[in-house]
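By letter and in written order, the chains are A, B, C and D; residue numbering begins at 1 in each of them.
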Amino acid sequence: MAETPTLFRKVLIANRGEIAVRIIRACRELGLRTVAVYSDVDRNAMHVRHATEAYHIGPPPPRESYLRIDKILDVAKRSGADAIHPGYGFLAERPDFAQACLDEGIAFIGPTPEAIAAMGDKVVARRTVQEAGVPVVPGTDVMLRDDELEAEASRIGYPLLIKAAAGGGGKGMRRVDRPEDFEGALHSARREAEAAFGDGSVYLEKLIEGGRHIEIQILADTHGNVIYLGERECSIQRRHQKLLEESPSPFVNEALRRRMGEVALQAARAVNYCNAGTIEFLVDRDRNFYFLEMNTRLQVEHPVTEFVTNLDIVKEQIRIARGRKLSRTQDEIEIKGAAIECRINAEDPYNNFLPSTGTITAMTLPTGPGVRVDTGVTAGDQITPYYDPLISKLICWGDTRGEALLRMRRALSEYKIMGLKTNIPFHQNLLDSARFIGGQYDTTFVEERFSMGGGREFRPEIAAIIATLVAHEERRKAAQIVRRDGRDGQVSKWKLAGRWEQMWR
Amino acid sequence: MAETPTLFRKVLIANRGEIAVRIIRACRELGLRTVAVYSDVDRNAMHVRHATEAYHIGPPPPRESYLRIDKILDVAKRSGADAIHPGYGFLAERPDFAQACLDEGIAFIGPTPEAIAAMGDKVVARRTVQEAGVPVVPGTDVMLRDDELEAEASRIGYPLLIKAAAGGGGKGMRRVDRPEDFEGALHSARREAEAAFGDGSVYLEKLIEGGRHIEIQILADTHGNVIYLGERECSIQRRHQKLLEESPSPFVNEALRRRMGEVALQAARAVNYCNAGTIEFLVDRDRNFYFLEMNTRLQVEHPVTEFVTNLDIVKEQIRIARGRKLSRTQDEIEIKGAAIECRINAEDPYNNFLPSTGTITAMTLPTGPGVRVDTGVTAGDQITPYYDPLISKLICWGDTRGEALLRMRRALSEYKIMGLKTNIPFHQNLLDSARFIGGQYDTTFVEERFSMGGGREFRPEIAAIIATLVAHEERRKAAQIVRRDGRDGQVSKWKLAGRWEQMWR
Amino acid sequence: MRYEVTVDGHTYQVEINEEGHITIDGQTVEVDFAQIGNSGLYSLLVDNESFEALVEPRENIWLVLLRGDLYEVDVVDERVRLLRARASLTVPESGEVTIRAPMPGLVVSVPVEMGQEVSKGDNLVILESMKMENELKAPRDGRIERINIKAGDSVERDQILVVIS
Amino acid sequence: MRYEVTVDGHTYQVEINEEGHITIDGQTVEVDFAQIGNSGLYSLLVDNESFEALVEPRENIWLVLLRGDLYEVDVVDERVRLLRARASLTVPESGEVTIRAPMPGLVVSVPVEMGQEVSKGDNLVILESMKMENELKAPRDGRIERINIKAGDSVERDQILVVIS
C-alpha cells in the first residue's frame, strides 16, 4: 500500500523544555522550519531561542497554554505550520488533539487518533493485546462493579494492584496485601483516579514481586513495516518516576530480547500502530514477561535506544509522518555497546527529593567522547514550579556496560549546575552502588534498598578552604572599596557616569 | 609472545589544551589518576582543573616548559606517576623523550624510541617503507648534495616538491615548477628547515596535482597484532594546516580502503610499530596512493575515527601500553555512518586567518544527538599567543555523510564563542559550498577555489536591532544610576559597606 | 528614541517606539526582546521570528554574535550624534569661541569661573538632557571671557552658554 | 587572618598565612587558588591536588559545588565573631550599660551626642579595625550617659567607649 508522500516544510512543536529542543534540532537537521509555542514563564526558554519562530500561547498553567488545543492550532494556522510534533506529556496522548490536527489538514507526527484511543484506556488495551496473543499480568479486563472486583481479587490472589484505567505515573494505583484492606484501597484509588483523570474506573492486576520494568521501542510506517529497536531497562524508579534508564538491560539476553520484540510487534499490529511507540513490560525473576501498557508517543528515554542502534528516532518519526518507509529493516537493527541515561531533575536527593525551583546561575556541561546532553536550559534560565522538574538528560555510551557506567561517573563529576539543587548526587551514589553496578535491581530497588549514604568520598575540608579563600578575597576587595571611596565619603557622580559612558558608547 | 602486563595507576599528561583534557577523561574512565603540568599562563586552564594533580613547570614559551624533558620527568617522580602520555606536538615525536621515560622506569604511552626515530627522519622513513613494498611518491631516498639533487630533479621531472627531512607542517617545503627556479628554491628550503628543525637536510618528491591527503589510523599491540581503523580524509587544509577532517573519505571505496589499510599495516610492520599511529598517503585522481609519512602519535583528528568505529583510541593506547591485547581484531572493525570534525581555531577567517588572542568571555556549547565537543577551554579561559590556536574540536556523526553535514551545520550555528574571533564562519561557508557537499575537493581546494563570500544569509538588520535595544537598555539603566546617586553627589560609604556585608556574611 | 546604527558600512535609522515596536528604515516591526540571566545572551523575536545573540560592548561599538557571524555595530543616539557633530566643528586658533547648548537641557553645574585659564578638553558646563548628564568641553585652550548661565538654569538649543577668548 | 569555618556541623579553624599557605585545624597546606574569569568558577590546588568548584554567596553562607556535592559553608572571621559574641551578651533591662571596644582600632566617628535618646540597634561608634569599618550598636534603648572617645582616637580592646543609662 504505497501512499502519497506528505510534504511539509514547517513543524510546530506543541511542547517545551528539553524535548522541544530535541525535536527542533531534528527538524533543523532535516531542513525543516520550526515553530515554538510558549507560556508567560517560558518566554526566555531555550526552545523559544532555538526555533525559527515562536508564539506566545498564554499563562503558565498547562491548562491555559500547552494543553489549549485551540490556541495551538491557531498558531499553526497563523505561522503556516503544516505539521505538529506533540513531544511527550501535554497533548501527546490525546486522541482529540491528533484528530483536530488531521481535521485541519495538519500532519500529526505520531500515531492515528484510533491507536492513541485504543491504547489510552488501559483496560481496553489489555483486552486488545490479549486477543492478539500478548501475555498480560493476570487481572481483570472489563469494567466491573466494586463487588465484582472484590470477587475477582480473591480469584487473582494477593498481593495485587488496583490501577486506574486512564492511569499513568502511579496515580490511582494501590498495592493491596490482604483481603481486609481491599475495600478501603479500592475507594481511595477510585477517588484519586477521578481527581487526576476525571475517570474513576479501575482494574486489578496481580502484583509481581521483584519485577523489572523493561520496555520495547517500536517503529511502524504507513507501508506496513513494523520493527523493534531492542529494549530499555527502566527499573530505577522512585514513586513510579523513572530516574535512570539503560539499553540493553543487564537482565535481558538475546533470546528474551527477540521474544519480547516479537510480542511487542504483535501488540503494535493489534491496533494498526503507526509511528514510534513503546510497549512496557513487567518481567519477573523467571524472565516471564507481561504487557503493562503502550505509550503511543516518543519517550523521555529514547536517546539510550538511539545510542545503541545509531538510529535517530525523532527523524524516523518525521520520515514516517511524511509517508516514507522506515530507513531500516529489522535485520539491519543491531545493538552496539551500552547506553545509560540519567535524568537530571531539579530536586534535592538529600531532602526527600523535594522539588527545587529558581534561576540556574551557572552551568558547566560535560563533553567529550560518548557523552550526549539533551538539555532544555542554559545558565540564566529558570526552573519554575509549573512544569516537570526535568532539567536535562545526560546520556553516555560505552563499548560495554562497564565503560558506559564509568563514563557516566566521569560526566556527572563534570556537570555543574548552580542556583538550585539537583539529583546529580543521587546518580553519583547509584553509580557507586555495588548492586546497581552488578545489574541486580528491580523496581523496588531505589525505594527499598538504596540510601544516599553510599561510599562516596566527601571533601568538606576542601569546601571549607575554598569558601574561606573566596570570603577572604571578597573581604579584601570590599575593604579596598571602602578605602578608595572612604574618608571623604563621596563618589563623584561624574565618575559613575563616566564609567558608564566608556562602557556603552 | 605474551609479555608481563605493565601495571600503572597514575598517568602524567605531558601536554595542554583539548588533547590533555581528552586524555585525562580517558584515564578517569579507566580509574587512573592523572597529573597535569602547566606553564605560567596555563595555571587556570581546563586540563589543570580536570586532572587529579597539577604541577607548575615554568614560563609560557614551550622550550622553557612543555618541551623540558627534565622538568617533566621531575614532576613524574615527585607525583609518583608511573606512565606518561605525550599527546600530540611538543614531545610526542621525540625519541629521546620516549627513551628517557623508559630509562626512568616510566611507561611511555606511545611507540618505541626506535620506531619514532625511524619514522621521524622522512628520508629514512621513505626508504624503510619502500623496502617493505609500500609505494612512495617518486623522489629521492638518500641524502644528496645540491648538485646531485639538481640532477635527480631532472630525472623526476617538474613540477616537484623540495621537502625537509625533519619536516612537518609545511616548513622547509617548496614547490618548483621550472628547472631554472630549482637552485633558489633549494637554498631557501634548506635555510627554512635549518631554522625550524636545526637540520637543513631535504629530499625531492614529484608533485602530484589534484592529490588528496588521506590517512590510515592503525593500532598495534605488543603481541604482534596490527589493525587499521579505516581512513580519514584531510584534504581541507590551508597552508598545510588541516581545518576539517572526515571519515570515511567520500573518495574512498571499500576496495581502495582495504588496499590502503593493508599497505599501512606493511608500513607499520616495517618498523615493528606498537601503539597508535597514522600513515599519511597522497591519493591521485586515478586512486593511486603514495606513502607520505607516518605520524607516530595520537592525531588531532582521531575522534572522527572513534565515531565511525565506536572504538576509544586513547583507551586502546593505554591498553597497549599496559601490555594487553587490542580489544578488537581486524574482522571486528566496521565503519558505521560518517563523522566530520571541524577544528575551531582562534583566527579571523575574514582577515586572512589572522590569529586572535584574548579571554573567552562567553561560550555556548552545541549538544544533542550525534554531537561531540572536545574542548580545552571554558568561559573565562584565555587564548594566548604562546600555543597553537586550537580552541576545540567539534565532531558530528551521522548515519550518512549527508546527515553528518547537516548536523554539523546545526551544531555550528549553536556554538557561540565571544571574546575573540574564531573560524566558525569559515566552516559554515565550507559546509554551504556545493563542491564540498559533493565531496569534490583536493588539498588545493581551500586556497584556490574557496571564498568566504558564499551564499550564506547575513542578517545585519537584526544585528542592528539587537545592538540598538541593548544600547537603549544600558542607557536607561545608566540614567537611573545617575538619578539615584544624583543630585546630592554622595554615595554613603556605609551604604557600600552595608551592601557588601549583606553579600559576603 | 531615534538611533543611527551602522553595520558593515550601512547605516540604519532605528526608532524605538512604544513598548514592543521598532521602526527600522521606515518599516515597523513587532519586537520582543529579553536578556537571558545576567549574561550577554539575548533573545529577540521580530514578528515572531526567533533570534539568539551574544552581545558585548567594545570601546565605541557593540559586538553581536548572531548565527555564527560577528557583527560590529555602531549605535549613535541623538545626544551622542549632536555632541559628536559639535566636537567636529572647526574652531578658530585665536579669537572668541562661543560654547552653545547642543540641545535643550538643564545646567547641572559650571565648573569654571570668569577669567579662568582653561585647556582644550576641560569641562565648561555639565548639561542634563535626555535624562543624561553631558559634559561640554573646551574646544581649545583659552580664557573664560563670559558665563551666561548658572547651575539650575534651563537652556534652549543653541543658546550661548560660555565664551572663551 | 583566622576564620572559623563550619561545614556539615563541623567547625574548622582556618588560618590564611602568607601568600600560598593555609593552616586548617593545625595542619599547614600549600594552596594555589584562582578564579576562572568573572564567573563563580574557581580552581584550587592543595599540595598539588586539583579541585574545581562553583562558589556562590547566599544570605549568611557560601554555597560550594564540589565534585557533584553542594556544601553550605559558614565562614566567620575574628571581627564578625567578636561582634556576634558581643551582640549575644545579655544586657540588663535597666541601669548602665557600657559599650567596650571588642578589638583594638581607630574611632572613625561617633554619630551620637551626650544626653541623646537612642533605640536598640542605633549606631553608637564606628570603629575601624582589621581594615574594616565596624558598627557598634546600642544593645537596648536608653540615653547616652557618657562618651569617652572622639573620631580619630585609637582604642584598646575592652576600653570603655560609651555608656548608656
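To be clear about the criterion, a contact is a pair of C-beta atoms (placed from the backbone, for glycine too) under 8 Å apart; a residue touches a chain by one contact, two chains touch by 3 or more.
What you see is a predicted model; the values in this text were computed from it and never measured.
S.K.: Touching both chain B and chain D: give me those chains, sorted by label.
M.R.: A
S.K.: Can you tell me which chain lies farthest from chain A, using the average of the Cα atoms as each chain's centre?
M.R.: Most remote chain from chain A, centroid-wise, comes out as C.
S.K.: With centres defined as the mean C-alpha position, give me the chain A-chain D separation in Å.
M.R.: 48
S.K.: How many Å are there between the centre of chain A and the centre of chain B, using C-alpha atoms for each centre?
M.R.: 38
S.K.: Calculate how many whole Å lie between the centre of chain A and the centre of chain C, each centre taken as the average of the chain's C-alpha atoms.
M.R.: Going by mean C-alpha positions, chain A sits 52 Å from chain C.
S.K.: Going by the contact rule already set, what residues in chain C reach two or more other chains?
M.R.: Answer for chain C, listing residues that touch two or more other chains: 35, 39, 41, 57, 132-133.
S.K.: Provide the list of chain B residues touching at least two other chains, using ranges where the numbers run on.
M.R.: Expected reply: 50, 361, 364, 378, 413, 471, 474-475, 478, 482, 493, 497, 503-504.
S.K.: Touching residues of chain B toward chain C in the complex: what are they?
M.R.: 361-362, 364, 412-413, 415-419, 421, 424-425, 428, 456, 458-475, 478-479, 482-483
S.K.: Which stretch or stretches of chain C touch chain B in the complex?
M.R.: 1, 3, 5, 7-8, 10, 12, 14, 16, 22, 24-25, 29, 31, 33, 35, 39-42, 44, 46, 51, 53-57, 62-71, 73, 75, 77, 131-133
S.K.: For a test of understanding, state which residues of chain A touch chain C in their complex under the given definition.
M.R.: 36, 43-44, 48-55, 79, 359-361, 378-381, 493-494, 497, 503-505
S.K.: Can you list the residues on chain A that touch chain B in the complex?
M.R.: Those residues of chain A that touch chain B are 21-22, 25-26, 28-31, 50, 303, 306, 310-312, 327, 336-337, 364-365, 367-375, 378, 399, 403, 406-407, 409-410, 413-414, 471, 474-475, 478, 481-482, 485-486, 489-493, 496-497, 500-501, 503-504.
S.K.: Residues of chain D touching chain B in their complex?
M.R.: By the definition above, chain D touches chain B via 32, 34-39, 41, 43, 45, 48-50, 52, 57, 59-60, 80, 132-133, 135.
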